[in-house]
Amino acid sequence: GKKRKVPARKRLSSGIPALDEMMGGGIPEGDSLLIAGASGTGKSLLATQFIAAGIRAGEPGIVAVFEERPDEYAGRASIFGLDLETPIRDGTLEVIYLRPLDLSVDEMMQELLDAVKRTDAKRLVIDSLAGFEMALAPGFRADFRESLYRMIFALTGLGITILSTLEMEESFTEFRFSTYSISFLTDDIIRLRYVEIDGQLRKIMMVVKMRGAAHSPDIREYEITADGVTIGERLANY
Amino acid sequence: GKKRKVPARKRLSSGIPALDEMMGGGIPEGDSLLIAGASGTGKSLLATQFIAAGIRAGEPGIVAVFEERPDEYAGRASIFGLDLETPIRDGTLEVIYLRPLDLSVDEMMQELLDAVKRTDAKRLVIDSLAGFEMALAPGFRADFRESLYRMIFALTGLGITILSTLEMEESFTEFRFSTYSISFLTDDIIRLRYVEIDGQLRKIMMVVKMRGAAHSPDIREYEITADGVTIGERLANY
Amino acid sequence: GKKRKVPARKRLSSGIPALDEMMGGGIPEGDSLLIAGASGTGKSLLATQFIAAGIRAGEPGIVAVFEERPDEYAGRASIFGLDLETPIRDGTLEVIYLRPLDLSVDEMMQELLDAVKRTDAKRLVIDSLAGFEMALAPGFRADFRESLYRMIFALTGLGITILSTLEMEESFTEFRFSTYSISFLTDDIIRLRYVEIDGQLRKIMMVVKMRGAAHSPDIREYEITADGVTIGERLANY
Amino acid sequence: GKKRKVPARKRLSSGIPALDEMMGGGIPEGDSLLIAGASGTGKSLLATQFIAAGIRAGEPGIVAVFEERPDEYAGRASIFGLDLETPIRDGTLEVIYLRPLDLSVDEMMQELLDAVKRTDAKRLVIDSLAGFEMALAPGFRADFRESLYRMIFALTGLGITILSTLEMEESFTEFRFSTYSISFLTDDIIRLRYVEIDGQLRKIMMVVKMRGAAHSPDIREYEITADGVTIGERLANY
Amino acid sequence: GKKRKVPARKRLSSGIPALDEMMGGGIPEGDSLLIAGASGTGKSLLATQFIAAGIRAGEPGIVAVFEERPDEYAGRASIFGLDLETPIRDGTLEVIYLRPLDLSVDEMMQELLDAVKRTDAKRLVIDSLAGFEMALAPGFRADFRESLYRMIFALTGLGITILSTLEMEESFTEFRFSTYSISFLTDDIIRLRYVEIDGQLRKIMMVVKMRGAAHSPDIREYEITADGVTIGERLANY
Amino acid sequence: GKKRKVPARKRLSSGIPALDEMMGGGIPEGDSLLIAGASGTGKSLLATQFIAAGIRAGEPGIVAVFEERPDEYAGRASIFGLDLETPIRDGTLEVIYLRPLDLSVDEMMQELLDAVKRTDAKRLVIDSLAGFEMALAPGFRADFRESLYRMIFALTGLGITILSTLEMEESFTEFRFSTYSISFLTDDIIRLRYVEIDGQLRKIMMVVKMRGAAHSPDIREYEITADGVTIGERLANY
């Protein structure tokens, strides 16, 4: 029928085959993807694996970090066997450090756009949205949502795929989707959560939304090892 | 008796036969329908199916979007086998992009009324109410509720049927009807929710309210596939 | 003994015999009755049945609506077999439409008092309190509680029985009496709630308070059909 | 031993023998007693029974009401077989109506003190604290807590026993003691609550605190009948 | 080993042997102890027993009260067989009444320090912290935390042991440690709670913290009788 | 493979072997570690054990305290057999007392940097973050997050390992990760919690996050004895 004619959009690998599979083949090119979860769930690691996968695929990248020291970024990645030093030297990867209180929205935008031009970036990581907000000079924070929206809109309009991280409050007994106020920024949402099982703090992952594509409904446990995020079985009954 | 004499209002198809049936035959013409649910529950898809069903029925439409790029709108619809490109070319469908911070209430209203005249629209989609709010210049947001009310009132008064989407916070253990502040805007309410069943993030739908008509009390599971929203069985015991 | 000597106050029928019975014979004349519940629980329908019952009993009425179009009011009522067109023509029923942002408290009050005189009203419906608040020009909203109190006090002082509706947030697992801030306005309170039973969104009703009279403690399921609100069995064990 | 020497303070009957018993013999003279509960739990009725019991015991009283019409007060009491008309005529009972927005703190205080002198009152009812707050002109509300405290302090200092009512939000699944901010005003606290048992909205009562005396720890069900509050069994297992 | 050499700090009796035992021998001299619980849990009684135990041990004391009349303080104590009149006459006990809105922080501090000098106090009770806050003139409340901190710091620096009470909101199903904002003021925390057992409102006590000492982890039921607080068994399974 | 080549960062002992083991060998040098828990869970003790372990390992330290008297700090440590007096005399340990309202951010920073130089500190304790905030003069508090961030960034940049404590509200039935707003300050997070088991208030510990390293997922019970924190078994089923 008709629906077969639409050319499927190119998919980008997240760097984690099982997650690509949950997303029906990877992240649609040009999408804005949100990784939401509490501290320590592995948001930054997922972001790093995403950017490294891009490098491996010949897709230059930019990482805007706030919480990390830029000079340590490549080092931390190497712990997981991800070589970011070579692309940084090559100029196919730039790690931009967002300092608090420093920039107007336009300066921030310009800095990112300049980096995009320099590297011909296809992937952008914003780790994290809270850091991004704090990097704005206080007078610009009121417009944070709008600014962010415009920036994401402009960059995805250039075909760049964006992965942002969002720190969420979390309780174990109750779990809220408090992504409300930023949902309009995202095409795709991945949710990371803690669960207490058997006297251990374990982690589960689910794809909550993909704007234009099918995805798995499964809630799967995952671990973080020296090989990065390792996705396990569907969480049968907890 | 007497009650048989009232002429039943015309019903518009939602584009999903099982949902029409849950609504007792479709959406009453001239109603303001609200689709409320968390990110990824399929609100935008339902809105697209509604507008496409209108086109098929010879009812021109307008889609006011904020989260999407207007140029991609037809493309995303085509994934589900819905042809919106032809009516856009025909002038029987207009996709209006609401930019943040741009408009006064009157300008917004005028823009929509102009589009209604141009297309002779019978259906209007506002996707989403939050986007609509952000599209207003900040000075107009305080009056958002009143403005929205007046606009919906004016348009439904012209016989246009309106479907709006509302992003809701959601927890899995507790579920609130937080539609309070906008309930006066709506004749009909459809609620979409996530439930965790068997290690999967599944979705359920219910018609919560129809102002002037009977509807099914059933809470039914649904899936989103390449054919759009597919409504399944009543949720027996979860 | 002594207590037998007090003349029982006249009771007004709610239009629903089973509800009258739950209230120990109907609504005490001159009371201010509150119907509280989430969207779609049938508050407006109860209000319409109350006003129609008054007409049948020769008690003229006034309906102050905000959410509805006044010209559609009689039409919606007729769906349930309730003829409001005749009394509107007769002048024994007036439907007053409260527009947002329009009125000072005194103008609002005057408008209602004039209507009371014209119709010699015995029953008044305010559907809804939120609508009433929005109808006030913004400068008057701070005094909303006091204004409302004075108005209800003045009107019930004339022997008029008032039914107001209150939209409430609702969760399924937890249920709050958040009527706090308006309880001083009401002599009688009826609470409508959703419950999820067997994969259906069902409705229950209870009389929470009657200031001067006994009432049933029962929590009863009810349905809305073409005959209006139909009250069923006491909710045994859910 | 020593502790036997303290002369037990005189106790005032609440008008309900079983409640007097729960309180270890009644309300200690000169105490400030708080009745806290949701709408319809019977706070006002308890207040009326308290004042009527005073009259029967030769203790003149004052009732400061806000929610009721003063002229109806005696009438409502008579429903429960309580004769307040005679003492009103006698001048041993005064019902003071607190109008919203009317008074400064000092005027309010003076009005009550004058009434105390006129009637030689031994009992005072404030029904309700929210009404009391609204009766103050807006400029005085910021100091509400302090004003109330001073007034209660002054009156109990004269040996008058005060019963105040407090409307509380309530959910069925969770129950909060939100009396925090007014606890310093009260010597004794009685808590009224709804519970859902067997498809009925039932009521339970407990004495939460008595500043200088023993009281029963029992949580007891009660009903309101034409004879007033009737306290039943201890709530075994719900 | 080394740790045996530290001279154990002197312990002060709380006046309740079982509580002293739970605290590993009593309250460490010079500590700031917090008693936190809902209305009626016995905070004021514990404070009185603490001060009376001091008198018996030859340790003069000061009680800063807000909720009580100072002239009734000794009377209420005598109900529990505690003689406070003799030490008040002796000058080894002073009851200071904190009036609302009266004092600057410095005046308050001076008043307490003067009393400390006059009585050579070793124990101080602040009943309650909310009362203390209200006693400050409004302009000083913003600095309440800092003021309180400085005062407690100054007084414990003089070797005085302080017992403060804190009224807490409480629900039965959920229990929060909302002592957050004042925890920096306290060396030791005792928590009093209500539990519903068997249709009764019962009370439990636990030592939550002692800054420099071991304490029992037990959650124990207690009663209040004419002999004061009587601590019972560990709460086995509720 | 590649990942073996990264030189593992040096680990610092927490002073508690079982915790070092849970953290995969201790705290990575130069990290910012957060200890979050309610009052009395042992945050300050963990901080003291951390600083004492540093002294034993030849790593000078600084302790910035707010809640404690600096002169008592060594005394309290000695209770647990930890000798802090010798290093204080040696000049390898400094205890800095943060007074409320006293300092600008720059002064605070300078004071800490001076102390770092004097002692050649390798470890820093901030006990607690709330105390740190209160130590700032009010005009500087708005920028607290940014100031703290900059300070931590500067100090860890010098290779200093920082342990901060965070007081958290806690309920027993629900547990929130409300570390949100400070998560960007921390590389590693340890969570301490109360649980009610068997009529006792017991304590559990878990490593929630380590930015660059593996850690145990176990939730383990622990006790505080005269030997300090003693970590027990994994919490099997509660």
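We call the chains A, B, C, D, E and F, going by the order they appear; numbering starts again at 1 in every chain.
Just so it is clear, a residue touches a chain if its C-beta (ideal position, glycine included) is under 8 Å from a C-beta of that chain, and two chains touch if they have at least 3 such contacts.
This is a predicted model, so every value here is computed, not measured.
Colleague: Note the rotational component of the Cα superposition from chain D to chain E, reported as an angle of 0 to 180 degrees in steps of 5.
Modeller: It works out to 60 degrees.
Colleague: Have a look at where chain C meets chain D and say same if over half of the interface residue numbers show up on both copies, different if under half do.
Modeller: Different, since most residue numbers here occur in only one copy.
Colleague: Counting in whole Å, what is the centre-to-centre distance of chain C and chain E, each centre being its mean C-alpha position?
Modeller: 51
Colleague: How many angstrom lie between the centres of chain C and chain F, each centre taken as the mean Cα position?
Modeller: About 59 Å separates the centre of chain C from that of chain F.
Colleague: Could you state the distance in Å from the CA-based centre of chain A to that of chain B?
Modeller: 30
Colleague: Could you say which residues in chain B touch two or more other chains, in rising order?
Modeller: 173-174, in rising order.
Colleague: Once bound in the complex, which stretches of chain C touch chain D?
Modeller: Counting only chain C, the residues touching chain D are 1-3, 5-6, 143, 145-146, 149-150, 153, 157, 173-180, 183-184, 186, 189, 206, 208-214, 217-220, 234-238.
Colleague: Please name which positions on chain E make contact with chain D in the complex.
Modeller: 38-40, 44, 66-69, 75-76, 78-81, 83, 100-101, 128, 130-131, 134, 167-174, 194, 196, 198-202, 224-226
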